[in-house]
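Presented sequentially are two complexes of chain A, the first with chain B as partner and the second with chain C.
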Partner chain A sequence: MTPATDHELSPVLRKQDAPLLRVENLSVAFHTRNGLVRAIEEVSFEVPAGKVLGIVGESGSGKSVTALSLLRLIPSEIAEISSGSVWFGGRDLTRLSERELRRIRGREIAMIFQEPMTSLNPIASVGAQLREPMQLHLGMKAAEASRRVEELLDLVGIPQPRKRMTQYPHELSGGMRQRVMIAMALSCEPKLLIADEPTTALDVTTQAQILDLLRSLQSRLGLSIILITHDLGVVAQFADNVQVMYAGRAIEQAAVAEIFRQPAHPYTEGLLKIVADLEAECGRLSSIEGTVPAPHELPPGCAFAPRCPRSDTACTASPPPLSPISPGRRCACVRPVGFPQFRASA
Partner chain B sequence: MLKFTLRRLAYVPVSLLFVSAVLFTVLRLTGNPIDTYLDINRTDEQVAALTKRLHLDQSLPVQFLIYLKDVLSGDFGQSLQFGEPAIHVVLERAGASIQLVTAALLIAAIIGILAGMACAVFKDKLPDFLISTLAVAAQSMPSFWLGILLIQFFAVQLRWLPTSGRGGWENLVLPAFTLAAYLLPNIILITRTSMLETLREQFVVTAIAKGLSGRQVLFRHALPNALNPIISFIGLQIGRLMGGAIITETIFAWPGIGRLMIGSIFQRDVPVVIAGVLIVSVVIVVANLAVDILLSINDPRIRLD
Partner chain C sequence: MTSHPLVIVEGLSKVFSPGTKASLRAVDNVSFDMVRGETLALVGESGCGKSTTGRLLMRLIEPSEGRVQFDGVDFMSLSSKELKRERRRLQLVFQDPYSAFNPRMTAESIIAEPMLLAGASASDRRQRVGELLPLVGLAPHHASRYPHQFSGGQRQRIGIARALALRPEFIVCDEPVSALDVSVQAQVINLLVDLQQKFGLTYLFISHDLRVVRHIADRVAVMYLGRIVELADKKTLFADPQHPYTRLLLSAVPQIRPTVQAGLLRTASGEVGTAVTESGCRFAGRCSHVIDVCRSAQPQLRPIAGGHQVACHLAGNVEPSK
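And now, the complex of A and B:
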């Protein structure tokens, strides 16, 4: 992984070979007592084969909703995809029937979640849960699947796989359970793994181990990963490209090295400053004044404008679109940091 | 698992000893047994003979030990009404009760769990509304009325099933459904609540993300996790219905233990009452044991405590 050269061939602009996953103008709305409320709005991004896309944002920024919506995992009575497409292997996942989508879930696109403590069925053995996707998608018999479970547990670094298979989730630590989830996700050799804050619920040493594991599996298996996180440090270590989300919109997209060298959106700049302060261990941490606005009280203009040190009247008219500011980079800001030549025609 | 079962088994004799002690105490508290067994026209010889037979001339602790020995050997004395050993009378009726209660619980469990699941899956939609309304209606319908309606329709008009008595399976259908109707509303509501809670769990999302169909998610992952309160409830009902299904037994002339007990109490048939209480207790204790074992088979976390 050499991010500097990645930038020249930035996947966002590399149109000649189709990306593994392309999300176009995806909007998701939740049903509430006050009618439909937009949780994510017009989100577009691509995941090239074999690459890692980090999606970063605070709680409520819409990053998890984005992840769950790709496989339509939010029940239709709670939320609906109001517009947009999710292109994967020539098919638009938003238009597939439930039956067609089931053949993709777990087989071509797999997912792991934030809470390894609650993501596994507490009353089924580890082995039975790991065998299930292979019996379902690959038509394996129980004995064959069991042999493969052993290999998988070994692959994700779980010692004594034979013993672990017969155990139940409550007999495993959080880190072990997340390894089991990873093994389960990889069991049918999917092309894409969606990892929704896979390390948030784990302690720091375990976090590092799980990330190392994901990274080594990614390079060994040539897997594409969408990594949802609120941790810029994780993104820096792990991702090839980044999308920053704020109040339901993608506000900046870039190669990792680029964004850390020169953040373009004032919000990204603010986030990076906090990380820098943490690393420098200086006395006072900087913070971004205010909080993320709730989806039903978004301002008419840029959602970040009320907290933005650079905002002016141009920011409050309408939300700035995500526009290219340099090769491979997009930013949704009328006055991006460090790009004085650029002025969005918002 | 074996260790768990053995530990639970150890409670069985303790529970039964406790029941026997309570029963003995109550019997002695309710007055002189002579007055219970013999009527006002008794002779002194009869009193002397009974005193000797019941060991009333011994001290209370000795009486208790003799009573325990009799209980253990199944000797409760002759039934005053039937003139045969009380245990025979009770065991025959207990068999009829177990048959009725088992059939009713099976019917109620299968229909109730399926209906409760439908309510949870279609929460606040038409099926939920219909089933919940029917459940409330069924609960407010007394057994004697439902029983009579069923007899009127299926036995008298359609002539599909016998009106009453015990014989083949066709005799069992109407009383079993009547008793099941009484249990059904509770099982539906417990299943609905438990399922709704389970369906909110993260592992359900994991199961969907694996690519399982809605039915597979429901029956393989959600239902087993929602089952514990339902198993516990059904276990408790075994005890209540064994001796308490008197109305259903009466309407269908079902020779169950509930009716026998009521009759024996009025007839002052003390040996039958003692044997009946103890046999019902045994059934309850065994049912509780079975529930504990079932729960631990379903949920491995229970084996740890």
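And now, the complex of A and C:
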């Protein structure tokens, strides 16, 4: 395809500028003995085609629940999507039937997880596991799928693919297993890859190799990626845009360069200070006192207020909404850092 | 600080399942000294032998070869009874305190257990727990709670209180903040630093996280497949790493400041354990600087400048590759 300049695009073609994925006000609640407990609340974000969105947060921030809920991978007995939409290819994934959704999972949207060993089948060979999605989704015959498996293993940098196909997951190193997972995720040429802490279980040099691989595949295949991570360094290196989550809410969204230049939410600022202090070898680390509140103990106002150095009475009334603070940036704070002109009308 | 070392480790080795096909030299001829009050970090990736080294040092695992001297006492020559007494001066803080605690014990009895084993009376134990809780940032009412009622950071505080109960001089911190979230990590690191200053503690800080190590350590020893490949004071190691593996490791840490990141050094391929040669350097199979001698002779850890030791045939001659 020859690239068209902007003014030449017809209105129909311009529609392709619409984001690949758009999440609107997604809320997910878990069924517990004490009733429904909100895990994520009113989360909205977009993933443009060919871009990497990093979703960063600490344990319990709701980043993984967000990722799993996009494809409705949490069983309905455990959790329910209480409101919101997930728009992908003109359809709202929250409203599709199980059957319709199965055609999207693994084919148009694929996912990789933190611990490849628990996601791979220990008693099936690498080749058999990689063939399966292509046989199911693309109706490939075994021989054709095998040829494709070889190409895929080569694509993800696994030497001697033919030999590896006959091996079982336990015969591979952690990095190799994650490469197999990536090969499997890419086998049906998805448009979107959701990577949930894909390098957290790996050693740092292996992590760097896997991130390198994902980056090169992303640009080569024009893939969109949602990268879930707790590591701001990984986000800085890998993502185009970032969403910071805290206690089930998106509290800040920005382009990566912007957020590292000037964080707006006091929580983001606190996290960045810690990492910067670590890198700067300063004497005492700045820290964020206290801990993340449990989902059933959320304060009525901003969930970060009890730990926030800037909090005042305005913060304790109701949770501040995620509001625009400058072009392309949104922040859920009454008094964002570095944006003195901005006051949320919460 | 006196120059008289508190800890001397010499030629420490551990072979698991010796003489069998599965024989594994997990720690191979490791030597280092530590002076009182310092923090030496042992860094490396999974399987490099850093945790085993910590346990060998305390003789929680019997070494196959080598010697450990603690404050002039030869640990290897002690009877088990003597060892038990001496070992009170050394304590261990684990990565995941949740799995290191008995879930049916309260915080108070967890913290008091080392004292119970040392024969302290109930009133002494209670009093000491009362001192320890505020010291690690916990409140008195936490004493009666159970492990599952605490957050990860609070559990690590309990683990630290337990380690401090017998007033040790030396603590092996084995990945003490690796399981914690960043914001909580900072709290626990600050606590460890405060306690060290307050009590003149000496830390062997075992970690895979170079960012944390860079913050907390005085000196750093980098391990690769059972051997120390480089040892230097922190400034030197981070500013002027000599071993190709150290350089690889440092370049792999994702930094938030984009300017300092040059991307992963292409000095190495493969993963830990790839193509290990039996006779030569254990990193040779992955190293892009490899020369003939690397495959035939194992490089020994040797000083190249004051206190900076490197186990590489090319040390001092390797151009920093980009």
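Everything below uses one rule, namely that the second predicted complex is superposed on the first by the 330 of 346 C-alpha atoms of A that agree within 3 Å, B and C clash if a C-alpha of one lies under 4 Å from a C-alpha of the other, contacts with A are read in each partner's own complex, and residues count from 1 in each chain.
In this text, a residue touches a chain if its C-beta (ideal position, glycine included) is under 8 Å from a C-beta of that chain, and two chains touch if they have at least 3 such contacts.
From a predicted model like this one, the values you see are computed outputs, not experimental measurements.
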**Prompt:** On chain A, do chain B and chain C fit together or clash when superposed?
**Reply:** fit
**Touching partner for A:204 - first (chain B), second (chain C), both, neither** = second
**Message:** For A:286, using the defined touch cut-off, is the partner it touches chain B, chain C, both, or neither? Pick first, second, both or neither.
**Reply:** second
**Request:** Mind working out whether A:36 is in touch with chain B, chain C, both or neither, as first, second, both or neither?
**Result:** neither
**First, second, both or neither for A:221, with chain B first and chain C second** = neither
**Request:** Could you say whether A:133 touches chain B, chain C, both of them, or neither, answering first, second, both or neither?
**Result:** first
**Asked** Touching A:96 in the superposition: chain B (first), chain C (second), both, neither?
**Response** neither
**Asked** Touching A:111 in the superposition: chain B (first), chain C (second), both, neither?
**Response** first
**Asked** Does chain C touch more residues of chain A than chain B does, or is it the other way round?
**Response** C
**Fill in**
Closest CA approach of chain B to chain C after superposing, in angstrom, is 12
**Prompt:** Tell me, which parts of chain A touch chain B in their complex?
**Reply:** 68, 71, 73, 98-99, 102-107, 110-111, 113, 115, 118-125, 132-133, 136-137, 168, 170, 181, 184
**Item:** Of all residues in chain B, those that touch chain A in their complex
**Value:** 201-203, 205-214, 216, 220-221, 224-225, 298-301, 304
**Item:** Interfacial residue positions of chain C with respect to chain A in the complex
**Value:** 45-46, 151-154, 181-187, 189-190, 193, 208, 210-212, 214-215, 234, 248-249, 251-258, 260-261, 264, 268, 271-273
**Request:** State the interface residues of chain A toward chain C in the complex, per the touch definition above.
**Result:** 58-59, 173-176, 203-209, 211-212, 230-234, 236-238, 257, 260, 270-272, 274-279, 281-282, 284-289, 291-292
